[in-house]
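The same subunit A turns up in both complexes below, where it pairs with subunit B and then with subunit C.
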Partner chain A sequence: MIGGGLIYAIAGAILFSLGLYGLVVHPHLMRKLIAFNITGSGVFLVLVGLPQRMAGTPPDRVSEALVLTGIVVAVSATAFGLALVRRFYDLTGKTRLPNDPRPEP
Partner chain B sequence: MSAVEPEEHGLIRPIAAALASALGIGLIVAIFALPRPVVGLAALVAAHLEESGVRHPVTAVLLNYRGYDTLLEIAVLLLAVLGVSAFRPAGPVATYRPRPDSGPVLAALIRLIIPLIVLTAGYLLWAGAHRPGGAFQAAAVLAGGGVLLRLTGLIPSFRSPPLWLRMALFLGFDVFLIVAALPLGEGSRLLEYRAARAGIAILVVESALTLSIAAILVTLFVGAAPSRIRNKRSTESARLPQNDRAGQP
Partner chain C sequence: MTGISSVAPWIPSLILLPLAAGSLSFLFGPRSSLGLVAATPVGIGFALIQLLLEFNDTGLQHYPVGSWGSPLGIEFRADGLSLVMLGMTATVGIFISLYALGYFSGEQAGGVWFWPLWWFLWAALNALFLSADLFNLYVTLELLSLSAAGLVTLSGEWESLAAGLRYLLAALAGSLAYLMGVALLYGAYGTLSLELMAGLIRPEPANALAASLITVGLLLKTALFPLHFWLPPAHGSALPPVSALLSGLVIKASFYMLLRLWFEVFPSALTPVFAQGIGILGAIAVFSGAWLAFHQEKLKMLIAWSTVAQIGYLFLTFPLASASPAGALTALSGGVYLALSHAMAKAALFLAAGAMLKVTGEDRIDRLEGVGRHLPVSLFAFAIAGVSLMGLPPSGGFIAKWLLLDAALATGQWWWAVVLILGSLLTAAYIFRVLRRCFLAPPEHAVFHSVPVVMPIAAFSLAGIALLLGLTAVFPLRLLEKSAPYVAEAAIPFTVVP
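Our next item is the complex of A and B:
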């Protein structure tokens, strides 16, 4: 019997691969950071949805608590990443990594 | 990938799309193929809820069963604040800048909303013991109020956090560490609360965590904010760190 949590787990898997695609394709560091956040959101959705993939299973409080911890850590890591991107831009005037082979727009 | 010729850059997108969709399909297949879990932690969490000191299972997991995770999480938050502070630009910092659109309506609205935000955060903190809520949700609401205040220029920015803010940043971690270490004196292990005192220990830790996490989030916001107002006519010179405050309001 399929439970309602399955749709969240599948959506999480799709979000994860979408974020991974964005991380590779976009040369701009800010876009990379956003894509990385989408990847993380996909992981959270899988973690929350997976325990409830069978109908009638109670929600797993342990994975919910882990996701709560993960969200807070992701927010602070994103802020640190933003500070790094801004510092990089202040020092070099560039918004992409130096070894990126793609030409500047 | 530095050997890739410029005309081959167009291939990156289709290759990445193909690999990402293959991974996505693989993950979905793996989700369907997973066996039904034999041992769930849900029953274990429910069985020991009585002695955890709170009545809501998520709070019990966060502050009691998996206290280590939360203790290390607040440590990670502090590391992020230290990192953001360390990478602040060397140039001048826009320390006080009211928005040009901060008219009387916005100012009055902020003054109405801020007390409600504090009230909501207090409720969320208290509700965490028996229903969804807790330190992180309360701190997120408080931090939202702090960001509002900063955006409207009602609280100033800073070059490096002042002393009182540094104490607020570390309050949650310090209180958590002290409360976690108290059982050591009674022959118990770290974070091993006695059932009778678990409730008050969690309340103390959560209150300190709320203040600290809100302070940390607002400090992160201020720290990641633009270093100064960029002069549109000379973006090239504004980029240089040695550029001084000349020509800026």
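Our next item is the complex of A and C:
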């Protein structure tokens, strides 16, 4: 029988796709960082939900520990990203990266 | 796969030593850098040699952290491939540390933060090469990306901030794609250990999805064409010792993971279509990277685009190694040896370029005229490293390309041999474009600054090692034969038939 975990895993997969889409499409740096966080939450939902997809499975302690570690990593990455975005805004007054990364040939 | 649990603390000391150095250098600032450079690489080198000796005696080394073995605890593991990569990191790391002592000795910005970030980066690399489970690989990969992105932004100018942000966002997206793949695999098999996973995994659609997510994430981090957009600005605008670290070592980490996962954990999913596809992307990278390198105005941009081209070569390993089980060892050894010699040669190129740019005070290839007279040692280093990149004998690049050519001809895939040879010619074109400028007479009124003597010497030593790798190939190649992928290959019937 299908358990509640599967619903979380499917929701996680949808969040992951939405987040990646946002990360690629939005030029605004803050939106990119928010999209990264949404992507991350999607992955964590899959990580917790998928091992418990059958009803009556006991909660998986290992996947909970993995998600906790993942959240710590995501929080530090976001903090670092925010610091870079602020400094970039202070220096240039812009909120998006220069479009073409390559120099003039 | 049986291994002896190592009780000697060599594996954790390889990770804890640079971690401790990073924390100390953060606490005590740049004053401590001389002492830490004197102590840390020696400690790491000693631990590495001890680990190597134990590996020679007893084979595969396992270290369960806190005596909690897999599947519940975190386990580290050292095989031939890990040891080769650890040795590569230590060799490049020692010379970059010496170079950085000279580079940051004056009024150069960024010296305060370079040291802690670099030690953390070294710890992350060592931990990554020793990790034996998918999640530990993820954590070490993130540590690596965060410290690398921090290093890119050291100079504090807006260009390097933009490059660092672009790099950070690409790296984070890559990590999350990888983690999603890991989540799917964990959901399916309930284990993260590479060894257990290798025994369980079957070619199924869900696993194909997981493997694709993992692969795309890692390709983004390795910057294989067309996912290379973040690399040239990041590697080109960082400070020279940082560029050397990024091009020499950091991209090798995700390449190592790809090799490890595809050839040890899911070799059964390695279809000919996928392998040839990766090879085609590699070939496009070889040609487009070399073409763009040739047309750059700035020296460091030229070397950064050359990295894009050389990454392309690395991925020729996939079609060559998967074509037949007989040729797999040759092709894999060739691929790893190419990564090894590229690490030395590319780091030497960036270090030599850093010295030349400090002398001329400007990052333009036009301004290099007369550098040959003021910095003969750096120029010589640049030329020798170029020889290894081109793959001329007796360099390490020659041995690597020889092995790959051998595999290409043995498996009847002559088209990859053509890519290998044409790519070498293109490499020669952009290396000679720089060398030609350097040998011209200096223009009148040209001002040349002086550089600390350790900088050209460090660059020259690395270039010399890249050259010597061709003469002492037996030892690393023999180590590679004792790697887990080949052990796994013997255990699982190889399902890919040409």
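Note that the second predicted complex is superposed on the first by the 99 of 105 C-alpha atoms of A that agree within 3 Å, B and C clash if a C-alpha of one lies under 4 Å from a C-alpha of the other, contacts with A are read in each partner's own complex, and residues count from 1 in each chain.
We take it that a contact is a pair of C-beta atoms (placed from the backbone, for glycine too) under 8 Å apart; a residue touches a chain by one contact, two chains touch by 3 or more.
The structure presented is a predicted model; accordingly, all values stated were derived computationally and were not measured.
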item	value
Partner chain in contact with A:Leu84 - subunit B first, subunit C second, else both or neither	both
First (subunit B), second (subunit C), both or neither touched by A:Gly40	second
Contacts of A:Pro98 with subunit B and subunit C, given as first, second, both or neither	second
Partner chain in contact with A:Arg53 - subunit B first, subunit C second, else both or neither	both
First (subunit B), second (subunit C), both or neither touched by A:Leu29	second
First (subunit B), second (subunit C), both or neither touched by A:Ala9	both
Residues of subunit A at both interfaces, subunit B in one complex, subunit C in the other	9, 16, 20, 46, 50-51, 53, 60, 62, 66, 69, 73, 76-77, 80, 84, 87, 91, 101-103
Interfacial residue positions of subunit C with respect to subunit A in the complex	72, 135, 138-139, 142, 146, 149-150, 153, 156-158, 161-166, 168-169, 172-173, 176-177, 179-180, 182-184, 186-188, 190, 192, 229-230, 232-233, 236, 292, 295-298, 301
Contact set on subunit A toward subunit B in their complex	6, 9-10, 13-14, 16-18, 20-21, 24-25, 46, 50-51, 53-54, 57-62, 64-66, 68-69, 71-73, 75-77, 79-80, 82-84, 86-87, 89-91, 93, 99, 101-103
Residue ranges of subunit A touching subunit C (in the complex, touch as defined)	9, 16, 19-20, 23, 29, 32, 36, 39-40, 42-43, 46-47, 50-51, 53, 60, 62-63, 66, 69-70, 73, 76-77, 80-81, 84-85, 87-88, 91-92, 97-98, 101-103, 105
Sites on subunit B touched by subunit A in the complex	1-2, 4, 6, 9, 12-13, 16-17, 20-21, 23-24, 27-28, 31, 34, 36-37, 40-42, 45, 57-58, 60-62, 65-66, 69-70, 73, 76-77, 80-81, 83-84, 87-89, 91, 136, 213, 216-217, 220-221, 223-224, 226-227, 236, 239, 241
